[in-house]
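In the two complexes that follow, chain A is the common piece, with chain B as its partner first and chain C second.
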Partner chain A sequence: MSDALSDDGSDFNQDDTQEDVMTPAELIAKLEEAWLNEKFSPELLENKSEVVECVMEQLTHMESNLQRVKKGDAKASIHRMEIDRIRYVLSSYLRSRLQKIEKYFPHVLEREKSRGEGEPSLLSPEEFAFAKEYYANTESYLKAVALKRMPSNLQTVDMIKAVPEPCLDSFVFLRVKERQENILVEPETEDQRLLITVDPGDIPEIKTAQRSHQEACPSSSPFIQNKD
Partner chain B sequence: MFCEKAIELIRELHRMSDGQLPAFNEDGLRQVLQEMEALYEQNQSDVNEAKSEGRAELIPSIKLRHCCLLRNQRCVTAYLYDRLLRIRALRWEYGSVLPANVRFHMCAEELQWFSQYKKSLASFMRSLGGDEGLDITQDMKPPKSLYIEVRCLKDHGEFEIDDGTVILLKKNSQHFLPRWKCELLIRQGVLEHVVS
Partner chain C sequence: MVSFVTARPAPQAAGTVCSAVPVGRKFLNTHTKKQTDMDPSEVEFLAEKEMVKIIPNFSLDKVFLIGGDLGPFNPGLPIDVPVWLALNLKQRQKCRIIPPEWMDVEKLEEMRDLERKEDMFTPVPSPYYMELTKLLLNHASDNIPKADEIRTLVKDIWDTRIAKLRLSADSFISQQEAYAKLDNLTLMEINTIRAFLLDTLNCMYKLRSNVQ
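Right after this comes the complex of A and B.
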């Protein structure tokens, strides 16, 4: 996937390296990782808007390069296909985020509200705007159709209680990227404490809630990835 | 029995499998709301009586009515919310203009919700990346090939593809078109993907 991106005989490689050292291949790998993680995790993960932005830029660039290619060139259709594939991954990634935002909108907004000062937001500004609009829209709809015609003590619905939360106890498969010792796997009972050590290539199965906890440790941030 | 009307609303949606949207049951909703009003009035007068005359034996029936009220509220909101989810799915399937027979099944407030949802989604997609944004309702399936063979199911008129060629989409005609151009038309039922 990456070759087709970089050998286009264009200047966008140099553009990129000025800002940060990331080749198009690495960028696409990042996008794919974010995509897989997002797709297989039950809850919303933090936003990767820089990656999305870079990929969008990349796509526009490739499109404009394609305009210059002669008609009927075999290379053009390969690049066209490449663009389509990248655009699919990107759309699918954004779609699955939007679906989760719609599904869990009160919880997503609640989390955003209770977020501390320096903490990064889970939502990109656009997603936040979308979530807020979705909430307001749905609430005013329910009010207009039914709630305002109900007895006075029943005119509100607690959205947090009414809309189901993401199930953090579901299991996910992981692929280990870096060796990590003594990971505490939550015991079923009090006296059953299990410490495991993971090596690269292992594929343990862990509850999502615990994985999030481990990702939160600064020492081990990039070491685990949802398995495809 | 209390709450039966509300359950009937839920059942009605449940019977419609695979996300179909039945007609908005205005009548059923009104009946549930009437029942709630009656329950509430009875409760009011019983509460007053229990307070002023100290009749504690009224309390269980007050509680029962209150539970029924809560259940009715819950069922009604579930009915409405589930319909919203179905309407949302329609936006992703048909694009931003709904077919008339679907619109016919929606109430005025639902149409309003839909147009607001449409707007939010559109401004989200516009804000992505560069100046044009990205239509994420396209590319629903991983691309397998650039061009696909399609057959026209109805007359659609002229259709321009990226390189400027204009083709006439006539019923029963067959074309070899770029996939990304005809995805929406396939979902709308204008074209059919011919798998040979």
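Right after this comes the complex of A and C.
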């Protein structure tokens, strides 16, 4: 996977580093935020492949530097520890995305299909390939194990219906980054609507899929992001 | 010390694909581990990024880490480093850790009393107070004066806060509120209740929306 990553994304990555003047520390903070958001979100969030690319680049650069250092250097061991920590976050992030793709693959692919021109892709090219392959493998597995022995009218499975959708109505914790006024909160039972104001640092607990809320609060989180 | 944290629901057994083919919409759902769970050790991992002062007993030039520069290290001169490095150096007996200012019996006693008096959550000295206490006391208790008292005090504060958290979760659910404000809660505290509370709310939401 790492080979594919570096081969594929190298072009736009170079453009990116020219535009962005992000320090490596900010980059790591971005990765950590993406990691936590992905972890706590009930659905797959959009891919952050530039961040992943840049972090990979930093890590390989640092590792190649370390190759030249002789053994037992005190500095090198500190660097190694840091690399291990970053690598953990990175792989945990990518793994949690893959788990979600495995869990919701027909829906993920469906959304990818219905995505309009110019809209950013939900999946990185590698993740897209993974999702397609997973779909094909699941299908052929089901066919080999059970379906081909079924009566002919029962030999197809509608994947979209067979695999549960991500539950967009689930509750989340969120941490407020900027002050937002008049956020709409709909209680489940009554028709009444509630307007609240949130300040940075507050941690209200709200259901995810409230579209109005999503617009009002473009930047939520370490805990979760309200993005569809 | 963080015994509450481990009381997470065990992941359901993964059903195999072929045994569950019949009706049901969930027959392909083989990955039953909740994604929205966070392991307490991962919260601790985040806490290890906090800075702490150490007094090194070695000298070393500036280290240019990806996350920022550290150093230079001089014997006897206090310097800020992330907790993960401080603990590593401590384990190799290369430094002495200076406990953070709030890790002090008097300050913590004050905090405990305030926490017990107030109905709301009071501000905590560090967003990772519990994890840091545990990490520093477990690995560097010889550098922290009155370590045992501090351990008890922090545990008292933690217990009071968790009791409040449970109480407010209870009233949140029984009054069917749409949202709750949980200011001043730390990630570890939220983490102890996240899986349980969110699952409960989701279930209740499902039940209620089916009734209507």
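Quick notes on this one:
The definition used in the following text is that the second predicted complex is superposed on the first by the 188 of 228 C-alpha atoms of A that agree within 3 Å, B and C clash if a C-alpha of one lies under 4 Å from a C-alpha of the other, contacts with A are read in each partner's own complex, and residues count from 1 in each chain.
Assume a residue touches a chain if its C-beta (ideal position, glycine included) is under 8 Å from a C-beta of that chain, and two chains touch if they have at least 3 such contacts.
Predicted model, so just to flag it, every value in this text is computed and none were measured.
In the superposition on chain A, contact of A:62 is made with chain C only, not with chain B. Legend: residue contacts after superposition of the two complexes on their common chain; A:134 is shown touching chain B, with no touch to chain C. Within the superposed three-chain model, A:85 lies in touch with chain B and with chain C [touch as defined at top].
Once the two structures are superposed, chain B and chain C can be ranked by residues of chain A touched, with C on top. Of the two partner chains placed around the shared chain by superposition, chain C is the only one that A:170 touches, whereas chain B remains out of contact. In the superposition on chain A, A:53 makes contact with chain B only, not with chain C.
Legend: residue contacts after superposition of the two complexes on their common chain; A:145 is shown touching both chain B and chain C. Judged by the touch definition given at the top, the superposed model places A:100 against chain C, while chain B stays out of reach. When the shared chain is aligned, no partner comes close enough to touch A:108: not chain B, not chain C. Once chain A of one complex is fitted onto chain A of the other, the partner contacts of A:161 are limited to chain C, with no touch recorded for chain B. Touched by chain B in one complex and by chain C in the other are residues 59, 81, 85, 88, 92, 102, 138, 141-142, 145-146, 162 of chain A. Contacts from chain B toward chain A in the complex involve residues 29, 33, 36-37, 40, 69-70, 73-74, 76-77, 80-81, 84, 88, 107, 109-110, 112-113, 116-117, 119-121, 123-124, 127-130, 134-136, 138-139, 141-143, 145-146, 163, 179-180. Only residues 17-18, 21, 25-29, 31, 33, 35-36, 38, 42, 45-46, 48, 58, 60-61, 63, 65-68, 70, 84-85, 88, 172, 176-183, 185, 187, 190, 194, 197-198, 201-202, 205, 208-209, 212 of chain C touch chain A when the two sit together in their complex. By the touch rule above, chain A contacts chain C in their complex via residues 24-25, 28, 32, 39-42, 58-59, 62, 74-75, 78-79, 81-83, 85-86, 88, 92, 96, 99-100, 102-103, 138, 141-142, 145-146, 159, 161-164, 167, 169-173, 185-189, 194, 196, 201-207, 222-223. Residues of chain A touching chain B in their complex: 52-53, 56-57, 59-60, 71, 77, 80-81, 84-85, 87-88, 90-92, 94-95, 98, 102, 126-127, 129-130, 133-134, 137-138, 141-142, 144-147, 149-151, 154, 157, 162.
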